[in-house]
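Below are two complexes that have subunit A in common, paired first with subunit B and then with subunit C.
Our next item is the complex of A and B:
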C-alpha cells in the first residue's frame, strides 16, 4: 500500500513538470508583444528594451522557463504587468474565494446527486428512475452560465430575494459566515452544483443498480436481512467511487468556475482570469492557470490515494 | 444433393441483419432518443435554410426599436439591444453555434483516433511518449484549458476552434488507445498477421472495424459539452466576435438587459440548452442501442 502511494506520488512529478511547461508555453503562444499592456503606443525602442530586460523577456526560452519554475517553487509567480502587484498574492486571495464557492457547490451537488442516484438505482426502470435520470441529464446538459442568468432573473430581478452579484454587502470581498454574506453565495453555489449533481447522480445510479443485481444482495435478502441492512451494504459499496467522483468534480469546478464567476461577479480566480485575458496580463494569466492546474493535479492524487485506502480491492499497477 | 435442392428444402436463405441495421432497429424503438434526433435534425435544417426562413436581416438594427419584448408585431421574439430581430438572430445563430460546437469534436475525433490507434498498436516507447504527453493535458480541467488557450491566442472563430480541438483530443486519444490495445492481442489480429497481412491492412480492417464504433459514440457524447463550452467562450468575449449572431455571444450582449427584458435574455441560452440536451439524449439512446449483448 505504502509502495503504491509512493509510486503514485513519484508518477505525479513528471505530470507537474508538464503542466508548468504548458503554462509557460501559453505566454509564448500568445501573439503580439508580451508588454503590450503596459507600453504606451508611442514608446521608444529603448524604453521597450529596458522593460524587456526588467521582466526577463530578453533571455532565451529555456532560461526564462527555469527561472520561472525556480521562483514558482519558492512561491514567487512574478509581478502582474497591469497592476505591478505580485501575482502570487493576487492568486491566493482569489483562490480562497473560488475554493469556498466550489466546495459549497460540490457539497450541494453531492448531497442531491447521491440522493437522486440512489432513488433512481433502487427503483430502476420505474417512473421515479426515469424522472431522476432525466434530471441528471438536465444537470449535465444545461449551460450553467445561462442557468445562473435564469436564477438571477427569477430570484433577484423578479422576486428580489437574493443579491445578483458580489460576495458581500457593498461589494466587500472580506468573507464572514453571516446571512449578509451567505445570501450572496446561494445563487452561484446552486448554479454551480448542477453539474456535479448530474454526474454524481448518473454514477451512483449505475453503481446502485449494478450492486443490487449481484448475487450477494439476493443472498443477504434470503438470509432475512432487513431492507435497511441491505441498504447499508449498498452504501458501503457505492461510497468509494461516489467520493472519488466528488473529489474530481471539485477540481473541475475550481478550474471551470470562470463562467459562473463572470455571471455573478464573484471575486475569485474567474475574475482574475478575465482581467488577465482582456488586459493581456500574461504573468497573471500564467500564474493563475498554474495554481488552478496544480490544485487539480494534487486533488487527483489525493482522490486516488484515499480511494485505495477506502477500498483495498482496487488493484493498481 | 445439389445446392438448389438444399435451398428448396431449407427455404430461402435470408441474410442475417448487419450490426448497424440491428442498432438502428433498436434505436427506433426508443421514443426519447428518436425525439432528440428529430430536434437535432430540425435545428440543422433551420441552420441550413436560415436565409430563406429568417423573417428579417439579422445584422440590421434600428435604435428606435431596441429591446422590444417578445410578441411585438413584426418581431415575434422581440428585438435585441441594438434593435435587431431576435428570431432572425436565433435562426442564423444556429449556424455558427452548431459549427463551433461540432467542428472541434470532428477534428479531435480524427487527430485523437490517429494518436490513440498508433500508440495502442505500436506500443512500447512510442505509446509511453504519446500517452504521457496526453496525461499532461488531462491535468487541466477542460473549461480551464479551453479558456486559457483561447485567452492566450485571443478572440476569434479560428482560435476558438483550435482551443476546443486541443481540449477534446486527449480524451478521444485515451479511449482509442485503450480499445486498440485490447483489440491488438486478440486472436483474429494474430490470425491476420499470421496470414501475411501488413500492419496497415490490420489497422484498416481489424483495428478500425472494432475501434471506430466506441470512439464514434464517445465523440458524440462530447458534442453536448463542446456546444456548451464553445458558446461559453463567446459568452466570455472569446470565440465568436460581434456582430456575428451566435447564441453564447447573444447571451453575453443581452446581459445588460437582464432587469428590463428578462425573457428576451433567456432565449439564446435556451437554444444552447435544447441543442445540448438533445445531443446527450441521442448519445444515451445510441449507446444503449449499441449494447446488443444486453
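Our next item is the complex of A and C:
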C-alpha cells in the first residue's frame, strides 16, 4: 500500500511540472506590458529598462521560468509589483481563506447531498425521490452569485440575521471559530454549497439505486440482516465514489469561488486574482494560480489514494 | 410403522404476482409443495417458469410494495408470509438459507468473504468476533477451500468461480440451517467444477440432514441429487413425484417433451433443457385453460377451457393434466415395443 502511495506521488510530479509550465505560459503570453501598473505614464525608456532588469523581465522566457520555479520550490514566489509585498505571504493567506470557505461549503454540500441522495435512491420513483431530484437539479442550475445576492437580501438586508460581507471582526487575520466570525461564513458557504450538494445528491442517488438493485442486497437480506444492517453495506459501497466526487467538487470550489467571494467580499483568492489581473501584477497572478493548481493536483492525489484504500476492487499495483 | 412426520416446509396454493409493470405478472400460480426433513426436491423447468421466484418467496426476498403474495408458506408450522420483520430476520440465514446462482453477484464486493460469513454468524448467535472467525475458518475447511486462513481475507473478485461457490455454500451453512434453497448453484460454473460442487453439496446434505430445494435446468443433475422432482411450467407445478417415477413414467406432455430429446444415462452434463416447439406463455396474459395447451400436441378443447386440477397417478406422483389417459397409453405402448 505504501509503495502504491509513493508511486502515485511520483506520478504526480510530472503533472505538477506541467501545471507550472502552463501557469507561467498563460501569464506571460497574455498581451500587455507587465510594468504598466507601476510605471507612471510619462516614464522614460531608461527607467523602464531599469525596472525590467530589476524584475527579470528582460531575460529569455526559459530562464525566467527556471528561476521562478527554483524560487517557488523554496517557498519564494517573488514580490508583488503593485504592493511590493512578498507574493507567497499574500497568496497563502488568501488560499487559506478560500480553502476554509470551500471546505465548509463542501462539507455542507456533502452532508445534505448524501442525505438527499440516499433518501431519493431508497425511495426511487416516489414523490420523495422526485422532490429530492428536483431540488438537486435546481441546485446545479441556479446561478450561484444570484442565489448569493438573494440570500443577502433575505437574511442580511431584510431580516438582519447574518452579515452580508467580510470575514468578521479584525478581518481574516483574526479569524476564530466563534459565532462572531462564523456567522460571516454562513451565507457564502451555503451559497457555495448548492452546486456540490446537487451533484453529490445526483451521484449518490444513482449509486444507491444501482446498488439496491444488485443481487447481493438480496443476498444480505437472505442472511437475515435488518434493513439497517443492509444500509451499512450500501453506505460502504457508496463511499468510494461519493468521497471521490466530494474531493473533486472541493477542487472546483477552490478555483471557482471568485464570483461568490466577490459578492460577499470574502478575503480569499478571488479578490486577489481580481486585483492581480486588473493591475497586471504578474508575480501575484502567477503565484496565486500556481498555488491553487497545486492544491487541485494534491487534492486529486488524495482522492485517488482514498478511493483505492476504500475499494478493494481497484488494483493496488 | 412410523408415524409420518409433518413436512418441515409446506407451500400451499402459493401465488406471486408482480404489480410494478403496466399489467400484473403472475409468476407463480397456485404452487403446492412440501419438503420433508432431510429430503431433496429438484425444481425443474424452462427459463422463466417461476423457479427462482418461488424460491425467493420462501425467504420473502421480493419487494413487498410491488409484489402480491397469496397462499401459505409454512416453515416448521409457522407461516412465513405472516411473519413480522423480527421473526423473518431470525428465519433467514438461520432456519432457511439460500445459495445463489452467481456467487460473484450475490456477495458484497467491498467486504471480504470472511467478514461476510462472520457477519451472518454474529447476526444469529451471541459469539465474539474471534469465535465467529474460528467458525468461518472451520466452514472453509469443511467446504475444502485450500489455504482457508488466507482465503478468509480475500474479496469475492479475488477468488475463482468454483472457490466463490464453495465460499457461498460455507456462508449458507454458517448457522446450521435446516432448509437449504439452492438456485442453480452450478449453472455458472465450468463442467468439471460443477461436478465437484454437486458432490460437495450432496455430501453436506447427507451429513447435516438438510432439506433442500434444488433448482436446476439440468435433468441429469436433478436425477443425481434429488429424491423427488417437481416440474414447473408458467408458474405452476405440472408434475411432481419420486425421481424414478417421473423419469421412467412421465405423465405430463411437457415433462415428456423435456425428457424425450435427452439421451439416457443421467450424466452430470451441463446440458440445458431441450427445446420444445413454441415458447412459454406471457405471464401477464395467461390463457384460461392449461398454460401448456398452445404448445401441446395432445391438447383438446377441454384443455383450452379449464385449468387441470392435480391428479394422483401413482404413489406420490401427481400430475396436472387432463390427457393423462393418452400419455399413460403411449407409455404402455412404448413398454410393449421395447
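One rule holds for everything that comes next: the second predicted complex is superposed on the first by the 306 of 317 C-alpha atoms of A that agree within 3 Å, B and C clash if a C-alpha of one lies under 4 Å from a C-alpha of the other, contacts with A are read in each partner's own complex, and residues count from 1 in each chain.
In this text, a contact is a pair of C-beta atoms (placed from the backbone, for glycine too) under 8 Å apart; a residue touches a chain by one contact, two chains touch by 3 or more.
The model shown is predicted, which means the values in this text are computed figures rather than measured ones.
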Practice task
After lining both complexes up on subunit A, report clash or fit for subunit B versus subunit C.
Solution key: fit
Handout entry: Which superposed partner A:85 touches (first subunit B, second subunit C, both, neither)
Key = neither
Handout entry: Which of subunit B and subunit C A:67 touches, first, second, both or neither
Key = neither
Practice task
Tell me which partner A:237 touches in the superposition: subunit B (first), subunit C (second), both or neither.
Solution key: second
Practice task
Applying the touch criterion given at the start, work out whether A:22 contacts subunit B, subunit C, both or neither, answering first, second, both or neither.
Solution key: first
Problem - Which superposed partner A:7 touches (first subunit B, second subunit C, both, neither) - result: neither
Fill in the blank from the handout: Min C-alpha distance, subunit B to subunit C, superposed, in Å, is 14
Problem - List of subunit A residues in touch with subunit C within their complex - result: 214-216, 218-226, 229, 233, 236-237, 240, 310-313
Exercise for the section: Within their complex, state which residues of subunit A touch subunit B. Expected result: 14-16, 18-19, 21-23, 26-27, 29-31, 137-138, 140-147, 149-150, 152-153, 157-158, 251-252, 254-256, 258-259, 262-263, 273-274, 276-278, 282, 285, 289, 292-293, 296-297, 300
Problem - Residues of subunit C defined as touching subunit A within the complex - result: 56, 59, 61, 85, 89-94, 97-98, 100, 102, 105-112, 116, 119-120, 123-124, 155, 157, 171
Exercise for the section: Name, in rising order, each residue of subunit B that touches subunit A in their complex. Expected result: 132-133, 135-137, 139-144, 147-149, 151-154, 224, 228, 231-232, 235-238, 248, 251, 255, 258-259, 262, 265-266, 268-270, 272-273, 276-277, 279-281, 284
